[in-house]
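Here's the structure we're looking at; comments come further down.
Labels run A, B, C and D following the written order; every chain starts at residue 1.
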Amino acid sequence: MKERIKSIVEINDNKVSSSFGFFIQALILLSVITFSIETIPNLKPRTRIVLKVIEWFSVIVFSIEYILRIYVADSKPKFVFSFFGIIDLLAILPFYLSFGVDLRSLRALRFLRLFRILKLVRYNRAMNHFTRAIKSAKEEILLFLFITLILIYFSAVGIYYFENQAQPEHFTSIFDSLWWAIITLTTVGYGDVYPITVGGKVFTFFILMIGLGIVAIPTGIISSALTKSVDKKQDE
Amino acid sequence: MKERIKSIVEINDNKVSSSFGFFIQALILLSVITFSIETIPNLKPRTRIVLKVIEWFSVIVFSIEYILRIYVADSKPKFVFSFFGIIDLLAILPFYLSFGVDLRSLRALRFLRLFRILKLVRYNRAMNHFTRAIKSAKEEILLFLFITLILIYFSAVGIYYFENQAQPEHFTSIFDSLWWAIITLTTVGYGDVYPITVGGKVFTFFILMIGLGIVAIPTGIISSALTKSVDKKQDE
Amino acid sequence: MKERIKSIVEINDNKVSSSFGFFIQALILLSVITFSIETIPNLKPRTRIVLKVIEWFSVIVFSIEYILRIYVADSKPKFVFSFFGIIDLLAILPFYLSFGVDLRSLRALRFLRLFRILKLVRYNRAMNHFTRAIKSAKEEILLFLFITLILIYFSAVGIYYFENQAQPEHFTSIFDSLWWAIITLTTVGYGDVYPITVGGKVFTFFILMIGLGIVAIPTGIISSALTKSVDKKQDE
Amino acid sequence: MKERIKSIVEINDNKVSSSFGFFIQALILLSVITFSIETIPNLKPRTRIVLKVIEWFSVIVFSIEYILRIYVADSKPKFVFSFFGIIDLLAILPFYLSFGVDLRSLRALRFLRLFRILKLVRYNRAMNHFTRAIKSAKEEILLFLFITLILIYFSAVGIYYFENQAQPEHFTSIFDSLWWAIITLTTVGYGDVYPITVGGKVFTFFILMIGLGIVAIPTGIISSALTKSVDKKQDE
């Protein structure tokens, strides 16, 4: 009996197991969509009831799945405290907690439900590939995050110096300038804050010339690590 | 006779065939330009007549081309249901349908004419190169589309949580937040919606630091797959 | 005598020749700066005179340089019709033409002076490196420019279909939509035009997911071609 | 005694030395944060005092560190005029100078304090890796900065020609157009200036098609140089 359940829940090489996996994935997606719809203001009472029914149904299924997974695990504590064990718990916990706690704090709890989406990752084996690429280039990625942070901070200080007096409402302190720095160096450029003084514009010019190259480098590193990791797999 | 037509329509290694291909390509471009001009409001009646004449002429030529291609095809049904067979039909169908159907639905039909532009692809052999690169990196590209979608969804939920109360008109529901997430993570940054709370800005900072690398990775993968595919061709 | 001048003007391996090259480069930069300053409205008459003197001086020097280059050339007609021969002529021609022609057309002529900046390229040997990389990846770059153009056109037609009725002032015709398409797919995102309908936003989402990868690919190709070209140089 | 201090200050392979390094790094971060907080307007007097105390404390520690480093250096003048020697001095100098000089010039001096952040680099060995990659691709990076500058200048002149008459307030001179060129070619796109004439829009289209590839190339070069440099390290 236990072996039978295990083959359905954990192993993905037979028909029943694949169907089970597909069913859970579909339920996660449905659950995420209902979560999104719930945030729309002024829903009809009838829609609310439908959403609630789906939520009850998915929590019941996820709870059964969680219990089954504990039941079939070789080492029960190991599963409970594993990454996916915690994710599985977090996916259902908010629902049960919402009975016991004050209604005020319910709002923040709702967002915990989102952890369900991480359950999808379990079914995606290709993810390992990406994780390995990240690990192999860990040192470079950290270095560039560090350089990027220093660069952003320098840009913020510089623009504060140039623009503070001309636009005290937008560049009030270095913290406000940091917002400008991140939006500019990532080239998002909303246009809510931008330099208007000649000094600030020249400074932005130099920061962009130096900065763009640096901010975009981690992507290049991950891409090349990923390509190499694929090559290795093909060589084996 | 059939062989003669076939050598003109299908094979591109003689002078007549090249001229035929070039003529069809030029007509597709002309057809696309007239399609664009038709959308300009308040055209002069005379311009409308010229556009109509060009449209009639190109549909007649494309129809003859379609009939010839069916005529010379080794297997007629195979051609009709092939990718280019369907494209060739879609390129002329809207015109003939517009006689039979109600004028109201004409508007949407007009856009079907655009399928003509896909006919251009037939004449571009280098495209195979690109298709092969995409296929060889299919798994990685799908993985990253999946990760990107999860990331966009998480960003939307997060910004909804931070900005919903401060800007209920822009971050009304998670669906509205999704618009912000896609425009920000692709660094388009129109500036129609952006965070104004401190929490929302700090959240945007982290999302951009993590997200930019991930959203840009598929490009890196395609580029490297393309480069490898060129290398292989040169090695042969 | 001719050999002496030739060693100064054409060959860059002795001291006098290097100084000559440096002097010409400095004069080009000075000439570009004065050109920029001239566009500032309401200049003082005194500034105008200084600018005019610099302009006269640089034209005289460039004219002498042009004559010397013709004088020392092995084949005079070959030099005159070579790339740099034409650039050298275009750098001085606008000045001489401005005496003979009507003052109205002077404005456009002024811009011809900019060709002087291309003279800088002569002194940059590393440029060959880049030219070779571009040539080796010519086929791929052309293919992607072609795909990009089709993609931009498709995006323009799609957004026109979704937004024309909601924002007839911004998406008046496909030509106006093309402006939106190029600004969005290159992620510039000025924010002067953006979709407001749900359909338009969903369409933008898909276009960005597909399009960003494609628009950014030529850069990847050039970079990798450039890297390979450097490797080859090091192998030799 | 001198050897003992040297092992703490300079070498990072024992416990005391690691703790010392970590302490200095923490103090630099604290010092940067207090620097940022100081720029917030209308701080409470009590907060100001706390900030001042932290500033005094960190300057004293950095001064002691500087003296110790001179003391243990094999060649004292060599250290004082080395990169890190100058950085260490600049990190404390503004504080001492602020006693001697007029209060007016204090504001600019405050920013010199930021040099402290560069002290962080000393503790980051991975930086060498990046420096080597930059050096190996120096020639290409310089070439592309040069091409990018020419491209930006050409774009500015072109847009000035197209937009000057339509928007004299935004495209007043080539210097104003340069601002548009840098913000557009880096795809930041604040939306404070953008072309409105048909000519200007078509010009922007071509500039973006050519320019994006070129501006983004240095990033590709650095990434590939970095990847190669990692490969070499792994081969050894």
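As a convention for this text, a residue touches a chain if its C-beta (ideal position, glycine included) is under 8 Å from a C-beta of that chain, and two chains touch if they have at least 3 such contacts.
Note that the coordinates shown come from a computational prediction; the quantities given were computed from them, not determined experimentally.
Considering only chains that satisfy the touch condition with chain A, which of them also satisfy it with chain D?
Where chain A and chain D share a partner, that partner set is B, C.
Return the chains shared as contacts by chain B and chain D, ordered by label.
Chains touching both chain B and chain D: A, C.
Counting in whole Å, what is the centre-to-centre distance of chain A and chain C, each centre being its mean C-alpha position?
42
What whole-number Å value describes the gap between the mean CA coordinates of chain B and chain C?
Each chain reduced to its C-alpha mean, chain B and chain C end up 30 Å apart.
Where in chain A do residues touch at least two different other chains?
Answer for chain A, listing residues that touch two or more other chains: 187-191, 216, 219-220, 223-224.
Mind listing the chain C positions that touch chain D in their complex?
32, 35-37, 39-41, 108, 111, 114, 117, 120, 124, 126-127, 129-130, 141, 145, 148, 178-179, 182-183, 186-192, 215-216, 218-220, 222-224, 226-227, 230
Taking the complex as given, what residues does chain D use to touch chain B?
The contact residues of chain D facing chain B are 187, 189-191.
For the complex, which residues does chain A have touching chain D?
137, 139-140, 142-144, 146-147, 150, 153-154, 157, 160-161, 164, 168, 172-175, 184, 187-191, 194, 201, 204-205, 208-209, 212-213, 216-217, 219-221, 223-225
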